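Given below, in the form of structure tokens, are the structures.
Two complexes follow with subunit A in common, the first pairing it with subunit B and the second with subunit C.
So, the complex of A and B:
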């Protein structure tokens, strides 16, 4: 039975003749992502907007998983969905009062947003459809590309070692013959940057004056976290 | 099984594959629902014993076996109430969000060697990412209930879960570093052999980090002493104050299954996963690859091992819950930021140094037949096995060479 299950994955990936499952789930997730994104725009309530946004981002993560990019999919869940979660918390904290719960968009704003969004969509569509790889893509190509994806080269590149051609060893890439360096420097810059942001946030958010322990406890009991 | 259905019974292929997918999903769902029933009964009995009571004794024989079932029937029969000022759609959907998050996390958890819903290359990362979404349902419930108690509960939960994800992640990085992969199947497989190969006993640092993990895991699933989101003495019942009947039970199912999940994750990361303390199957000369029947038996043994360890973890969480008093929110934050995070970080650094000083490990009692770290991928690539893995095998070799270069 286990082997049957394993075989299921293989065959599903290759696409059984009856139904193109890959296409089916791609359409499902893509429609979900688009529909929920529309719902974000059309909803009135801030918290509902955030809810739809989370679902839309989750559907996008589903697309990544479907494409075999598990690392990116999990990242999407962790960063975008988790980040929206914090947004949601702020939404709840700041708009729990009556006048802010509903946000009505004026017609002028809607038209403006429609024009900007439509223009962006047109540019993206133009770029996507004229790309060389798109026209010749068939189901056969997709099944040939099925492999066991691994995040190891990516992780190694982050610590400065490129599996596909390295500066230190002088090994050229087997793909295009170029010698590449890893991402250690950008990675470190981003890390230090994030650390600075964290320290800054902690500095800004710290209590300015000394309080008696009783008042600190009262504040804690109301569940307010600064 | 799928081939059997297609070739012998003559079902159309699309129906067969759908059936197989549904079967896997139903297995996990049943584990969650059945597990919740058993654990709720166990919770009653454990709490009763700790408080010097008897617990349920009448429903279904002298041990009250059927108490959970009776509870379930009661919950089904309860009226599904919704407060007047509530946001109807979010109020209804919140329990399912929590439940789906903990269900989706089970997809990445291996129950025995290669017995996993979907073997992901970044399994640990996926499980942690999805598990973090459970709090989303709680926040929605707290907001949508239109009740101050619920809102306070949800806000506390949000603050707690978001902060405890940091030390939890640091603890999880340690076994990932030791195994050199985020694939849960490989991590479990590298701890094969005697219990001394478990990452818990790998070095003193992993031993400490395991207990930090336990603390953070208890906090991240909102069990006492970290159950501030419910805190019945202050907040009535916290985020689920306004829920009744089946929707309430979905929250509970989500809570119990995420308890089971973090215990299962602890088992795979630190306690050898499906490898028992004594390698019985290996001593008998068997492995998952020795044959159709014996292989299935070995897997079953592994399954029993993992479920046993995870259940033990849940029982320990119950023990903790009924022993320790609830912490205040500032104490919760102090525990996270001033103790768990620095300890986890120091242990991570320590484990790194240890790995560098003793590359082969110290307590390496090897039984010779099955070396720790040996991945039995070979037989998987045989006929009927995972064919695509064989196709890409050469691609992974340069990566290992690169690792060796860095290590050397």
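So, the complex of A and C:
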């Protein structure tokens, strides 16, 4: 008992300078994201599924912040959680008639999906854990991990100027000496794509004009078939 | 491999991405509610996004400190935008289907079955 206490104490003393808060918060957000994603699959009620999905995507935004991609994390919160999921929840509300709130899947399908999902997960995990390029142990200095803000480089890249090595000015990146191009053309394509898609969605989801009963009766009387 | 004391690496993020991707695929396959299938698609795209951000991250542990650099984050932004567009169209189709068939069960959408 005493020995165990001493051992724990020495372990704590050894580990106390680095209870790695980056790792702690990574673990927290990762468990939240994965657990809530599992809850989305396991829940039957579609309203609860939407709620779990909101929380899972929010936890993923936390992971993005931890990886030093704070602009992407903010966009994830604003566009995904604030926009896409509000849209999804409106869809749930518009279609949540009583028989459709919880449509059950047959047990056979569930078992089959579990087997297929398990196999897929095994393959992906094997790739994630054994890739030589990313499972290395050369530690980046954690104190050097205070990353530069990424909003300015990303914004400049979207209008076609790379701060980190620009093709137009011929300036190589100070980090690895490469020149890169910006994203002006993909940005424009995505903008037009978004506009077209939203017009198309509004067209698809518009309310159809119902024929009034009077016009139906007139058609029946006169024999006009439209 | 102690998660609380070791620095977080790219492969940690890849594991999270793999889990999100798999749950999304299973969700797409299992759910009979059309909106549930849509949520599965969101989860899959999110898993891909986690991988993009991990490879583009400057702070994570890895052999080459940044494999993609800023490109990974830009790709993640494009994925988020396209996911928003896709959700809008899919939702419009779902509403149309609901108006025409009075159900959102995808198993009942078999009008084109030969």
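The rule is short, and it goes like this: the second predicted complex is superposed on the first by the 158 of 226 C-alpha atoms of A that agree within 3 Å, B and C clash if a C-alpha of one lies under 4 Å from a C-alpha of the other, contacts with A are read in each partner's own complex, and residues count from 1 in each chain.
Everything that follows uses one rule, which is that contacts are C-beta pairs under 8 Å (C-beta built on N, C-alpha and C of every residue); 3 or more make two chains touch, one makes a residue touch a chain.
Computed from a predicted structure; not experimentally measured.
Colleague: After lining up the shared chain so the two structures overlap, which partner does A:125 touch, if you call subunit B first and subunit C second: first, second, both or neither?
Modeller: second
Colleague: Kindly classify A:54 by the partners it touches after superposition: subunit B alone (first), subunit C alone (second), both, or neither?
Modeller: first
Colleague: One more residue to check, A:74. First (subunit B), second (subunit C), both or neither?
Modeller: first
Colleague: Kindly classify A:88 by the partners it touches after superposition: subunit B alone (first), subunit C alone (second), both, or neither?
Modeller: both
Colleague: One more residue to check, A:108. First (subunit B), second (subunit C), both or neither?
Modeller: After superposing on A, A:108 lies clear of both subunit B and subunit C.
Colleague: Touch test for A:66: subunit B only (first), subunit C only (second), both, or neither?
Modeller: In the superposed model, A:66 contacts subunit C only, not subunit B.
Colleague: Once the structures are superposed on A, label A:27 by its partner contacts, choosing first (subunit B), second (subunit C), both or neither.
Modeller: A:27 sits against subunit C, while subunit B stays out of touch.
Colleague: So, does A:153 touch the first partner subunit B, the second partner subunit C, both, or neither?
Modeller: Both: A:153 reaches subunit B and subunit C.
Colleague: According to the contact criterion defined above, which of subunit B and subunit C contacts more residues of subunit A?
Modeller: Counting residues of subunit A touched by each partner, the higher count goes to C.
Colleague: Following superposition on chain A, which residues of subunit A contact subunit B and also contact subunit C?
Modeller: In the superposed arrangement, which is not itself an observed complex, subunit A uses residues 18-19, 71, 75, 88, 92, 146-148, 150, 153, 164 for both subunit B and subunit C.
Colleague: Which residues, counting only subunit B, touch subunit A once they are in their complex?
Modeller: 1-4, 12-14, 17, 20-21, 24, 87, 89-90, 93, 114-115, 118, 120-122, 125-126, 128-130, 132-133, 135-136, 139-140, 142-144, 151-156, 158-159, 162, 181-182, 228, 234, 296, 299, 328-330, 333, 380, 384-389, 391-392, 395-396, 398-399, 402-403, 405-406
Colleague: What part of subunit A is in contact with subunit C in the complex they form?
Modeller: 15, 18-20, 22-24, 26-27, 30, 33-34, 37-38, 40-41, 46, 49-50, 53, 56-57, 60, 63-64, 66-69, 71-72, 75-76, 79-80, 83-84, 87-88, 90-92, 94-95, 100, 103-105, 109-110, 113-114, 116-117, 120-121, 124-125, 127-129, 131-140, 142, 145-148, 150, 153-154, 157-158, 162, 164, 175, 180, 183, 186, 190, 193-194, 197-198, 200-202, 204-205, 208
Colleague: Can you name the residues of subunit A that touch subunit B in the complex?
Modeller: Per the touch definition, subunit A meets subunit B at residues 1-13, 16-19, 21, 45, 47-48, 51, 54, 58, 70-71, 73-75, 77-78, 81-82, 85-86, 88-89, 92-93, 96, 146-153, 156, 159, 161, 163-164, 166, 169, 216-217, 220-225.
Colleague: Which residues of subunit C touch subunit A once you look at their complex with the stated criterion?
Modeller: 3-27, 29-33, 35-36, 38-40, 42-43, 46, 49-50, 53-67, 69-74, 76-78, 80-89, 91-96, 98-99, 103-105
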